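Read through the structures below before going on.
Here come two complexes built around chain A, the first alongside chain B, the second alongside chain C.
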Partner chain A sequence: MVILKLAYRNLIRAGIRTWLNVFVLSLAFLSIVYLKGMYNGMQDQSIRISEDTDMGSGQYWCETYDPYDPLSLPNAHDEIPLVFEFLIDAGAMTPVMLYQGVIYPDNRLKNVMLRGVDPSQQVMNIPSSKLDVESNGYLPVMLGHRMANSINAVEGDIFTLQWRDGNGVYNARDIQVVHIMTTENSTIDIGNVYLDLTLLQNITRLENEATMLVMDKAYSSELPESTWKYMSLLALTKDLRDMMEMEQAGGAVMYGVLMALALLAVFDTQVLSIWRRRLEMGSLMALGLTRMLLINLLTLEGGMHGFFAVVLATLYGAPLLYLNAVNGLSMPMDVDSFGMVLPQVLYPTYSMGLVFGTIIIVLIAVTITSFIPVRKLAKLKPTDALRGKMS
Partner chain B sequence: MKLRTKLLMITGTILIAFPTADIAAQNWPDGLEVMERIDYNMVSENQIVESTMIVHGRRSSRTITSRGYMISDKKSFSEYLSPPREKGTKMLKLDDKLWIYSPGTNRVIQIAGHMLRQSVMGSDLSYEDFTEAEELEEAYDCTVIAEETVGDRPTLVVELIAKRDDIAYAKRKVWVDSKRWIALKEERYARSGKLLKTTEITEVFKVQGRWYPKHMIFKDVLKKGKGTEFIIDSIKFDQDIPEHLFTKAALRK
Partner chain C sequence: MIETKLIHTHDLVKTYPVADREFVALKDVNIDIGKGEFVGLVGPSGSGKTTLLNVVGSLDIPTSGSVTVLDHNIGSLSHKQAAWLRNQHIGFIFQTYNLLPVYSVFENVEFPLLLLGKSNDERKKMVMDALDWLGLTDKAEMRPAQLSGGESQRVAIARAMVKKPALILADEPTANLDAKNSHHILQTMEKLNADLDTTFLFATHDEKVMQYMKRIISLEDGEVVKDEVK
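Let's turn to the complex of A and B:
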């Protein structure tokens, strides 16, 4: 307890030197929490958006569907197994059909993925009901806002769609854009054209076929056995999580640099402190303070920088992080067109684990950094110290 | 006499006096026969063709020359000779499979799936157009439906309706020169009846006793632009073409 008081008094007495170190450390600490919070928020939101608009709580894929093999896409459809019919009728899952086609907006060729969805479905949060309209003999289609921007399309535009049906026969019809949806999920937007599933099945002559079945988020009953492959949400979001993990690993380099700068300041302070306080250390030892207690005292002084940094960061950082968590961070316009699911406003997630984990890491790092220069005091002779010598 | 009755009488008189198209149709050759005559003109054991393709873009045009070796319509091997950017690019077609070799990457890629719908070198021709291997007479019911003049040549219009529901184009129309037995124009239609592609032959020439297209214009009707010109610079029939040319290994040589 005496050592604790003494360490505290020494630090306060050091004045501006202590507070500069504490401030630098607090900045590093805050930056780490902020960046990690951003990454966590990005991952959480991306998964939530994917789940909401595309993946549901999981999917069943037909045997021939492999999103990583574009050559397999023309055959990525199969008859919906009977075992799922009850669940589809109950609204617990909805079929989606993916089919390749070509559109000619403004007489320019563009390859697209036709997405057949049931207009009455409630599983995916997309305005599919807009497809349930009469469109004066044209095929009604819906586009995402990014796709519409890329082809300069607005609601009401008419252009030609060409495709090869299930038997490989060319077909072409004029389509009309009946709705342009705004979605945060760019993967279901860019390059996609939405049609009524039944209509797509008819024009491709693939009645009652689909590529996948998306399960409702609320579905928690037993999974039916089928030849179709079940993909859990965890499996579906694996790429996303792997990518975030990679990003976090890249971010770790930055944390390392920030911490190294702050710890260097603490290290310097400790080295300087030992050099300048030789007489004081000699006197303390002469008065009966053991070497071990002296080492503890100086290590504690260094470690207390970390503690003060956490307190200071909480004082000025907590309101900043709170405001950031409430208002979020608007992403630049172009970022959401990268082909990955990114929210337009990014809300960071600061979990207790993240904050306390970072506090512990900072405290341990500061304590170790403080201890390294102090180790040599183990050989210090009080007589040398009193004469201003370091042995 | 009422006006309606008068009109009926006049129409009846015209029908008797002048044979209609339906009656004249009986004098037209059978559609299948027309197609066979074209085949007699066009089909050979094999061919070696040097050609020029002019791709008209929005701002400029590109000229690509190539040499192709073909055995019937099942096997073909072609190599681009110019421009320098495309030189050395090779394409191999075996039945309905297509591979392309790019010297820049030194890789052989099979063109399949959605890639088949991409245009060849930015032209109005897709890779899919190259992979069609079935003979028209086998795939379509051919009927002569009219006589028309294309340019200054008399032609028979042959309508081709797909026999099965797995033929790429549900309907085609071919304008056949009725003296030289060579197609001068072709239209390809979607199942919905929408016109998709046209081919126009603006110049023909005689090689080894056969009439053959010299200058063609391919056009994807749904796309903007002037289409793609295809010029046969030279063609030799029934040559000695080594079989090893039609292998994937030949692409890298």
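Let's turn to the complex of A and C:
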């Protein structure tokens, strides 16, 4: 307790030197929490958006579906197994058919993914009910706002759609854009054209077939056994999480640089402090302080920088982080081109684990940095210190 | 005849490595100092005064021979035991005062008591008594930088005596002081010696200090050349 009291007293009395270090450390600490919070928030939101608009709580894929193999897509459909019928009728899952097609907006050819969904489904948070309209003999379709922008389409526009049906016969019909939906999920938007599932099954002559079954988020019962492959949400979001982890690894370099700069300041202060206070250390030893206590005292002084930094960062950083968490960060317009699910407004996630984990890392790093220059005092002779000599 | 031996040295030798040879700082020093003595170690610079003070104060260890302080053999003490001995029984007064610059006068004097683990109330009483004894009560909240040389040395004396040690070692305590302050400081220490029976061992080559000594041990080139009781 004496050492704690002395270290606190020494540090407070050192004035501006202490507070400059503490401020730099607090900035590093806050930046790490902020950046990690942003990454966590990005990951949480992206997964939530994917879950909400596309993946549900998991999916069943027909055996021939492989999203990494575009050449397999023409055959990526199969009859929906009977075992799922009850769940589909109960609204616990909804079938989706993916099918290749070509549209000709402004007389240009554009390959698209036809996405057949049930207009009455409630599993995915997309306005599929907009497809349940009569459209003057045209096939009613829905586009995402990014897709609409890319082909310069507005509601009511008519294009020609060409496809090759299940028998290998090429067909073409005019489609009309009946609705343009706004979604944060660019992966279900760019390149996708939404149709009524039954309509898509009819025009492709693939009655009662689908590519996948999306399970409701609330579904928690036992998973039915089937030849279709079950993909959990964890498996479906693996790419996303891997990408985020890669981003975080890149971010770790930045945390390292930030921490290194702050720790360098602490290290310099410790070295300078030992150099300037050698006479004082000799006096302390003459007064009866053991070397070990002296090392503990100086290490604690350095380590307390970390503690004060956390307190200071809490004082000015907590309101800033709170505002940031409430208002979020608007993402730039071209975020859509990243090819991943990114929200328009990014809300960081500051978990207790993140904050306390960072506090512990900062405190340990500062204490080790403080100890490194101090450890040489283990060989310090009191007589040398009193003479202002450092052996 | 010394009734109670506080310090006893026997064939004390202290050498330091200088370049590729050994410099002999103390050579076969044999002295006995009893409780309550007021002793001056005198001699020119480099005669070994400070070295002897350091060894007696357990800040250093003898190269050969033995030094016993309060029945503790300095040469065989561990660092921790030596620190304990200094903390419990020895007070130091330095030429440059060596006050802790960021502490107030009160906190400087309080420091040895903190290490001794005295309670808050005990510390406060003992510090105020010491300050009162040295006429520093009104300076308690000041920092060393705000004090004159004489006042700083009085604070150093207060810090050395606050725990009422058996032995106070003073290394050139008046070297940085003018004549008036020197006499004041020496009279204070003389009074302390008389009132508390504290043993004083000075290292000095100041004539003013020597006037006050009751016993003078002269050193030359690390050897005791004269030991006289006034």
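Note that the second predicted complex is superposed on the first by the 391 of 391 C-alpha atoms of A that agree within 3 Å, B and C clash if a C-alpha of one lies under 4 Å from a C-alpha of the other, contacts with A are read in each partner's own complex, and residues count from 1 in each chain.
The rule is short, and it goes like this: contacts are C-beta pairs under 8 Å (C-beta built on N, C-alpha and C of every residue); 3 or more make two chains touch, one makes a residue touch a chain.
Because the structure is a prediction, the values reported are computed rather than measured.
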Practice task
Give one word, clash or fit, describing how chain B and chain C relate on chain A after superposing.
Solution key: fit
Practice task
Could you look at A:145 and tell me whether it touches chain B, chain C, both or neither (first, second, both, neither)?
Solution key: neither
Exercise for the section: Considering only the touch criterion stated at the top, classify A:169 as touching first (chain B), second (chain C), both, or neither. Expected result: first
Exercise for the section: Answer with first, second, both or neither: which of chain B and chain C does A:17 touch in the superposed model? Expected result: neither
Practice task
Kindly classify A:9 by the partners it touches after superposition: chain B alone (first), chain C alone (second), both, or neither?
Solution key: second
Exercise for the section: Check the residue A:289 against both partner chains and state whether it touches chain B (first), chain C (second), both, or neither. Expected result: second
Practice task
Look at A:100 in the shared chain and tell me whether it touches chain B only, chain C only, both, or neither; answer first, second, both or neither.
Solution key: first
Handout entry: Angle at the Cα centre of chain A, taken between the Cα centres of chain B and chain C once the superposition is applied, in steps of 10 degrees
Key = 150
Exercise for the section: Figure out whether A:280 sits in contact with chain B (first) or chain C (second), or with both, or with neither. Expected result: second
Practice task
Using the superposition on chain A described above, determine whether A:110 touches chain B (first), chain C (second), both, or neither.
Solution key: neither
Completion exercise
Min C-alpha distance chain B to chain C after superposition on A, in Å, is 73
Problem - Those residues of chain A which chain B touches in one complex and chain C touches in the other - result: none
Completion exercise
Note: in the complex, chain C contacts chain A through residues 54, 57, 59-60, 79-80, 83-84, 86-88, 92, 94, 96, 98-103, 107, 111-112, 114-117, 159
Fill in the blank from the handout: Note: in the complex, chain A contacts chain B through residues 70-74, 100, 102, 104, 106-109, 111, 160, 162, 164-165, 167-173, 205
Exercise for the section: Name, in rising order, each residue of chain B that touches chain A in their complex. Expected result: 110, 112-115, 117-119, 162, 165-170, 188, 190-192, 194, 196, 220, 222-225
Completion exercise
Note: in the complex, chain A contacts chain C through residues 2, 5-6, 9-10, 13-14, 279-280, 282-292, 381-383, 386
